[in-house]
Structure formats: structure tokens, C-alpha cells
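Read through the structure below, which is laid out as C-alpha cells, and then see the notes.
Chain lettering (A, B and C) follows the sequence in which the chains are written, and residue indices restart at 1 in each chain.
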Amino acid sequence: MKKRLKELAEWVNGEVVGEGEVEISGVAAIEEAKVGEITFIANKKYLPKLSETKASAVIVSKEVAPSNKPLLRVANPYLAFVKILTLFFQKTDQPKGIDPNAWISPTAQLGRELTIYPYAYIGDRCRIGDHVILHPGVYVGEDSSIGEESILYPNVSIYSGTMIGKRAILHSGVVVGADGFGYVKDGMKNVKIPQVGGVIIEDDVEIGANTTIDRATLGKTIIRRGVKIDNLVQIAHNVVIGEDSIIVAQVGIAGSTKIGKNVTLAGQVGVADHIEIGDNVMVGAQSGVGQDLPANQGYNGSPVLPYRESLRAITVFQKLPDMKKTLIEMEKRLKKIEETLSAKGKEK
Amino acid sequence: MKKRLKELAEWVNGEVVGEGEVEISGVAAIEEAKVGEITFIANKKYLPKLSETKASAVIVSKEVAPSNKPLLRVANPYLAFVKILTLFFQKTDQPKGIDPNAWISPTAQLGRELTIYPYAYIGDRCRIGDHVILHPGVYVGEDSSIGEESILYPNVSIYSGTMIGKRAILHSGVVVGADGFGYVKDGMKNVKIPQVGGVIIEDDVEIGANTTIDRATLGKTIIRRGVKIDNLVQIAHNVVIGEDSIIVAQVGIAGSTKIGKNVTLAGQVGVADHIEIGDNVMVGAQSGVGQDLPANQGYNGSPVLPYRESLRAITVFQKLPDMKKTLIEMEKRLKKIEETLSAKGKEK
Amino acid sequence: MKKRLKELAEWVNGEVVGEGEVEISGVAAIEEAKVGEITFIANKKYLPKLSETKASAVIVSKEVAPSNKPLLRVANPYLAFVKILTLFFQKTDQPKGIDPNAWISPTAQLGRELTIYPYAYIGDRCRIGDHVILHPGVYVGEDSSIGEESILYPNVSIYSGTMIGKRAILHSGVVVGADGFGYVKDGMKNVKIPQVGGVIIEDDVEIGANTTIDRATLGKTIIRRGVKIDNLVQIAHNVVIGEDSIIVAQVGIAGSTKIGKNVTLAGQVGVADHIEIGDNVMVGAQSGVGQDLPANQGYNGSPVLPYRESLRAITVFQKLPDMKKTLIEMEKRLKKIEETLSAKGKEK
């Protein structure tokens, strides 16, 4: 595919400075870019590279001065770069239809323009939207629904009664709707609490490889519109995650916890059960959240503190051996003073 | 399904106070319960809700006074609720037989009343007990056995030579019997130590989605009767977990560690190799266990301390910046005193 | 299989002391070994067991004195033991060919002596080397290649365009080549950054069950020769791991981080994005790495410190409540002295 720079400018709502007829056939990072490719500079400190790059055009922010290189000026260069990358790499594969080696219940309702690979399984009464792609080894349990244009990669398991919205992307090994982890003690024995609720995944959610999202005990576990979840994340029964939140790899969220909108949980964070985390909260990597977190703040540490407090405590922690030495030395000095004063007292 | 309240009372060994003929057709939490449903109150502070709930009957503890609402009095209301929930939601599906799209070795021994879905695979010389359910994409390697009434959800992988007991529940993506992680250095090169042992999973074990349990180097990795394991847990080669223990999500247990009976490891705990953890131990979330833990105690922290000690240390940790300020200020006061005394000494 | 002791000596380049004609038919730990088996002593403190073991021969280090038991003296007894274990347990299975229930693209290039099980899937234009074994449920996406003698266990998912070297072992549930986790904000919305790079896994790599290795955004995620990765590890887009490094279970490595050669990351370690870790570094379990780590050292803690510093800080941390008591008590003593001096001042 080839596009003229002025066409790309229209695509990202930007302004060409210099030759707009130049043909662009690819996208690359500034140091690897070759003639015919477009690249970007998102940070002013890299502007000197403008004169060095072999790229045929460069995406820059609005205030950058003209150069001998054709420029595409936009409000957010990185976002424009991503949009152009998406344009160049969009898949135009035709739907492949339903492979005869897939197993599909006669009671399933199938949309149009599907791609169902061999060894996929669609259970009774499922509803599969238009343009859905189910890769090999995907299992969709009975009474589940998958919204249009969703992609389930190989070996994804969807338990019965799960609702998945439109344009969802579920990577390989994702498990949605397995039983929540709940038992009640009868003497020493652990009696299983039936997990009879379900899972709702709204539109535009992406879920990383081998992540697990459990069904609710009663009611629903809910992943709201636009949430993005990385690999190997554990989301327990009855959790709710608000719109546009970002959950990084290996995070664990325990039962019935509610996460607000636009929250970021960094890698390996653990959140206890029955916690509420407010909108726009950011939690640092490996933190442990055991209490409610008010909105619009950053937190860090295990257990978490407000972000700056956490950094201060960690800084002192790393100097603890010095601090202890000081303390021991001060105690000696104190003792010496006390002895001096006591001797003087006796002198009198 | 409908049951009279007095029938439910027999089922859970409880006592009806009020109208025992009332018909119950469902189960719900106290605020969502509708007419015809039964709910429960496990904690006295919720007793005022007795007069507000729309439920047709309420499970309460033995000392609760009669009310205008029919009551079901029992020793443990939550346990009784779970038992009634189980009664109402028990699956009565008939076995579906063996799908012609499953692959089954001619040398496998199959029990009666099986449900084997398409794309399941049963290797040579396996023994599959009565009433077992193998979902799509389940792999059972050669010489393995699965006890009666066990359920393996989609895409579970059981390596060869694994023994699984009765009534086991293995959720999607579980891997049992992969090679333990063992190498010996030959210069810089890592030489693989053959992993020629196996895995034994006893009766009534439940294993969460995408959890991994490695085979032993020599001997067996053993998960004892009644153990419950959550999602994304790592259990290394030669580990032994004692009866009725609870292993919460994302815990990692390194090689050859022995866990006692009725132990609880909370989420994201890590346990080093060759450790012994005694019976009835509880370990707090995200803790790191690098030493043996005596029985019947709680522990917390990374590295772990006895529970209360850990909380005390954490409390002080969070005040470290204040403590450091105090220390600096005290040092100044100390210096001032020393100067005063030194000046006085010179005065003389 | 049976081997004479002198044959085993040749196999591991060792020296027989005593009867070299003794027949060995198996391998066991020193306490379980029976007549006809060989065992080993790697640590001098176990030498007294030489006279107690029932083994027919014992592998020992070069300086061990002759005994009434046949000895096999070598430079590294444990390594020799592993080599003999490998000899006795090597699989001699004949290739099983391609099962008619596997799905193989007509454009795939297949090597010789393959074993392709039912329900494996090989996409368009893939290249599969000689002697490769693909178990049930393995998915190999289009344009990928698998080097000779590699084994992919059940339900492994390889996304399109992945290159895997020779003698690789990928355990069940491994996912290679899923999209890296990258978004750019457009207002509140998270816009997906296309992940158009790939993954290269070089020769002699082993990857544990349910581990995930993401494809690069642009360029390649690279796992170099001889790297060994345990279960449930997360390796993000554009990461590079150097030769012979060891990555223990549940480690997470964020985007674009470069790990040197012969590095060991212990269990549950987290490494932030865009970090460089030098050759021969060792990082302790549960550590958090947020900065570059120079080569040839040990580190520990979250955030990491040099190993000894970390241990010292932890030691003081565990005594913090005592330290706080001391501080409070010292402050009282200080105040008392100040009052004494002030009173004296007034006396004058």
C-alpha cells in the first residue's frame, strides 16, 4: 500500500509542511526508517534527528519549525503515528467461513461473514455476531454470546452463560467464566459454594494471553467498555472494572472488588477482596492494596501509601542500617552526658 | 424446582420457626431476594433487615428470636445457605456419551456414563472412571488415570503418568505434570535434569484456571485430599500439599517444599524451595516465605515475620520519614547539650 | 536397559575405582537406591552414607578414597548423575507420523520423521523441521517455523510469524507471539498500537507451562540460545533475554527490557520497562527492578538494592518497633537532661 503524505495528513487531521505529494509506503522508528517510510518525533529532545533520518517524512508536533524534510504537523505525534501504523497494517483478510472440522451446535445462532477454524467448539444456544473470528481450539460454552467483529485467539475457553461485547480481542489461553474461588468450612472440610452467576465483558475490551476472569457467585463479574487487560491477570468472582481502565500483567484482583474508570494498576499489583478503588487512580507495580483508595490519586507500596509518602518511606528504608548506626552512636553520647551530669551532681 | 421450607430444614438439619409449608423456589442475597426465595443472615448486625426483605423465609442462627417471617434456624447459617444453594443449582444433566470427534486410544480403559466432548484426547493405557466429564480440548497423556465423577474443563492438559482422584474439578487451562524446572550447569550451559517422576492428585481437589503443577524429578508431586487451589498458581516439582489446604490465586511454591494440612496461603504468596510449613498456618497476601514456618500460627511480610510482628514493623515503616526527622532533630539537641557542657567545662 | 559401570564411566568421562563389570539398570537417590542401581554423592558430608547405601555403584568426586563399593569418580558428580539419568530415561519412541485428524495447510513445508497428533493445526506457509513433535491442540499460526527436534506439548499457541529454533521444548499452554500490551490515549479512550513485530526463539530454549511471550510492536522479541524459562512467566513486547539465562516461575518482564547473558531472575521478580540488566546478574525472589543493574552482581528487594545492602536493610526493618521504642526512650532522656541543664542555668 502507498499513500501520499497529504492523504495521511487528512487521515490524522494534520498539516503538511513541505512536499505533500511524497509517497509513503511504510512506517518505522526514526533510526530504522528508510526512504519511502514515515517516522515520528514525539519528544523535542529528538528533534536533532530530523536531519539524520532517512525517512521521507516525519510526524512532529504543531510548533516544530519547517525543515528540508517534509513534515506532518499534528497535536499528538505519537497518536498520529499509531493511527498511520494502523492504516498500513490493517488486515484485509476475507472471512474464511466455517471449517467443517469445527463443532457447532445446531441450536447456535450464527451471524454473517464468520471465520471459524478447525477444532473450535460452539455450544448450544450460543449467539455469534457478524464478522467474528474463532481460532482453533476455542471453546464457547452453551448460552454464551460473542458480539460482532470480536476475535478469539487459539485455545480460549469461554464457560457457559458468558456475554462478550463487540470488537473484543481475547488472546490465547484466556479463560472467562470459570468458577469463583469460594468455600465454606464444615468442620475441617471445605464445602464448595456453587458459582451460579456469570460474566459480562462489554465492547472494545482486550484481554491478554492466559488471563483468567471468574464468573460471579451470584450476579455478574463485569468488565466495562474499553478496559484493557494484559497477560496472566487474575480477576476473581464479582469484580467490576470501570470503563477504560488498564490492568497490567500478573495483577490479581480478589472477589467483589470494584475498580473505577480510567484506573491503572501496574504489573504484579494485588488487590484484596471487597475493596473500592476510585476513578483515575494509579497504583505502582507490585503494590498491595488492602483498603479503599479514593479517586484521582497515585498509590504505591505493599501495603499501599499515597505515592509520595511511599517514595519517602522507601528512601528512608534503604538507609536504615545507617540510621541504626546513628541511633547507637547517639545513645552512647547520651549515656556519656548523663554520666558527666551525674558526676557533677556528686561533686557538689 | 420447588421445596417446602420444612423439607429444606431436613436437608440442612435445622428447625423451622413459623410456617413450614411455605414453598421455596430459589435462593438470593437478602437485598435482592424476592417472594418465593430463601435468604440468610449470618451476622447479627444484619438482623434488622429481617423485617425489610421480600424473601419468603430466612436462614438464621439458633438464638434468633421468632419473627413474623418464617425462619430456618441452624448452627451455621452461611453453611446451610450454601447447602440449599447447591440443592437448587445441582446439575442433573444426563451423561452425553463419547463424541465421535474425540480421540480415544484403543488401550484406554473407560468407565460407564461418561461425557467426552469433541477434540478431547485420551492416550494409551489411561483409565477413566465412571461419570467423568472431559470437555473439548482436554488432553490426557498415556498411563494417566482420572477418578470417578471428575470434571476436566476445556483445554486442560494432563501429562503422561498422572493420577487424579475422584470428584476432582480441573478448570480450563490447568496443566498437570509438565517437567519440573531443573538444570545443572556444565560450564555456562544449563543441562536439563530429566523429570521422570509423576503427580498424584487425591480425591476432592479443585484446581483453578491456568494453574500449573509440575511432575517430580524423581518420586511424586502430591496434592492431598480436599485441597483447593485458585487460578494461576505455580506448584513446582516434588511439592506436597496437605489435606484441606487453601492456595489462593497467583501463589508460587518452589521445588520440594512441604505444606501441612489446613494451611491457607493468601494471594501472590511466594514460598522458596525445600521449606516446611506446618499444619494450620496462615500466610498473608504477597508474603515471601524463605524459612520453615512452625504450625498453628499466622505469618506475614516479605520475608515473613509472625503476623503481629509484621504488622508492627509495617506500621513503623510507614512513619519512617517522621522517625528520621525526629532523629535528626534529636542529634541537633544532643550536639547543643555537648557544646553547653564543653563550654561549662572550659569556664571552670 | 543395562549398562556396565565401565561403560557409564566412558559416557561421563570418569574413572572406575573397583569392579567395572558390575551391571547397572537404573538410577536413584542414595537412600532409595536398590541393588543394580547407581547413585551419587555430591557433598562430602554425605560420604558416610557410602557404607549404608544398597546401590551397586556410587558416583563421587575425584578425591574420594576407594571403598568396598564400586565408585565412579568424576569432576562433577551431580552433572555426571544427570547425564546417566538422561541416558537411562531417554525416549526411544519412533516418530508416529501425521495423524489424519491434524489440520495441516497444503502450503506448509514439513520435515521428515514428524509426530503430529490429532487436533494440531499448522497454518499456511509454516516450516516444520525434522523430528518435531506437535501434541494435540497445538496451534502454529501462518508463516511460523519450528526447528528440528523441537517438542510442543498440548495446547501450545504459536501466533503467526514466530520463529522457533532447534531442540526447543514448549510446555502446555505456552503462548508465543500474542500482541504486546500497548495503547495510546486519545482523550479518555485507549487506542491500540498495532503490534506488527515478531518473536524469535533461538536453539535449546525451554519454556514452562502457561508462560506468555508477546510479539514486538516493531522489530522482534528475542529469547537467545539456551535460555530456560519456568511456568507462568510474562515476557512483554521487544524484550531480549541473553544466552543461558534462567527465568524462574511467575517473573514478569515489561516492554523493551534487555536482560544479559547467564542472568538468574528468581521467582515472582518484576522488571520494569526499558531496563538493562547486565550479564551474570542474580536477582532475589519477589524483587522489583526499576533501574538498570550493572553486571556480575546480586540484587534483592523491591525496589532492588545490592544484595548485602538489601539484607542489612531487611534486618533493621524487622527490628523497627524496637528501634522506635529506643528512639522514644532516648527522647525522654534528652528532655530530662535539657531540663536539668536549664534548671542549673537558672540556679546561677
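One rule holds for everything that comes next: a contact is a pair of C-beta atoms (placed from the backbone, for glycine too) under 8 Å apart; a residue touches a chain by one contact, two chains touch by 3 or more.
None of these values were measured; they are calculated from a predicted model.
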Equivalent interface positions on subunit A and subunit B, same or different at half: different
Turning angle required so that subunit B lies on subunit C, C-alpha fit (0 to 180°, nearest 5): 120
Where subunit A and subunit B are represented by their mean Cα positions, the distance between them in whole Å: 26
Interface hub residues of subunit B, defined as touching at least two other chains: 119, 137, 155, 173, 210, 232, 250, 268, 286, 302, 317, 320, 323, 327, 330, 334, 337, 341
Complex interface listing, subunit A residues touching subunit B: 103, 119, 121, 137, 139, 141, 155, 157, 159, 173, 175, 178-179, 181, 183-186, 188-194, 196, 210, 212, 214, 218-219, 232, 234, 236, 250, 252, 254, 268, 270, 272, 286, 288, 290, 302-303, 305, 309, 312-313, 315-317, 319-320, 323, 326-327, 330, 333-334, 337, 340-341
Subunit B contact footprint on subunit C (complex, rising order): 28-29, 32, 76, 78-79, 82-83, 85-86, 89, 99, 101, 117-119, 135-137, 153-155, 169, 171-173, 206, 208-210, 226, 228, 230-232, 243-244, 246, 248-250, 261-262, 267-268, 285-286, 302, 314, 317-318, 320-321, 323-324, 327, 330-331, 334, 337-338, 341
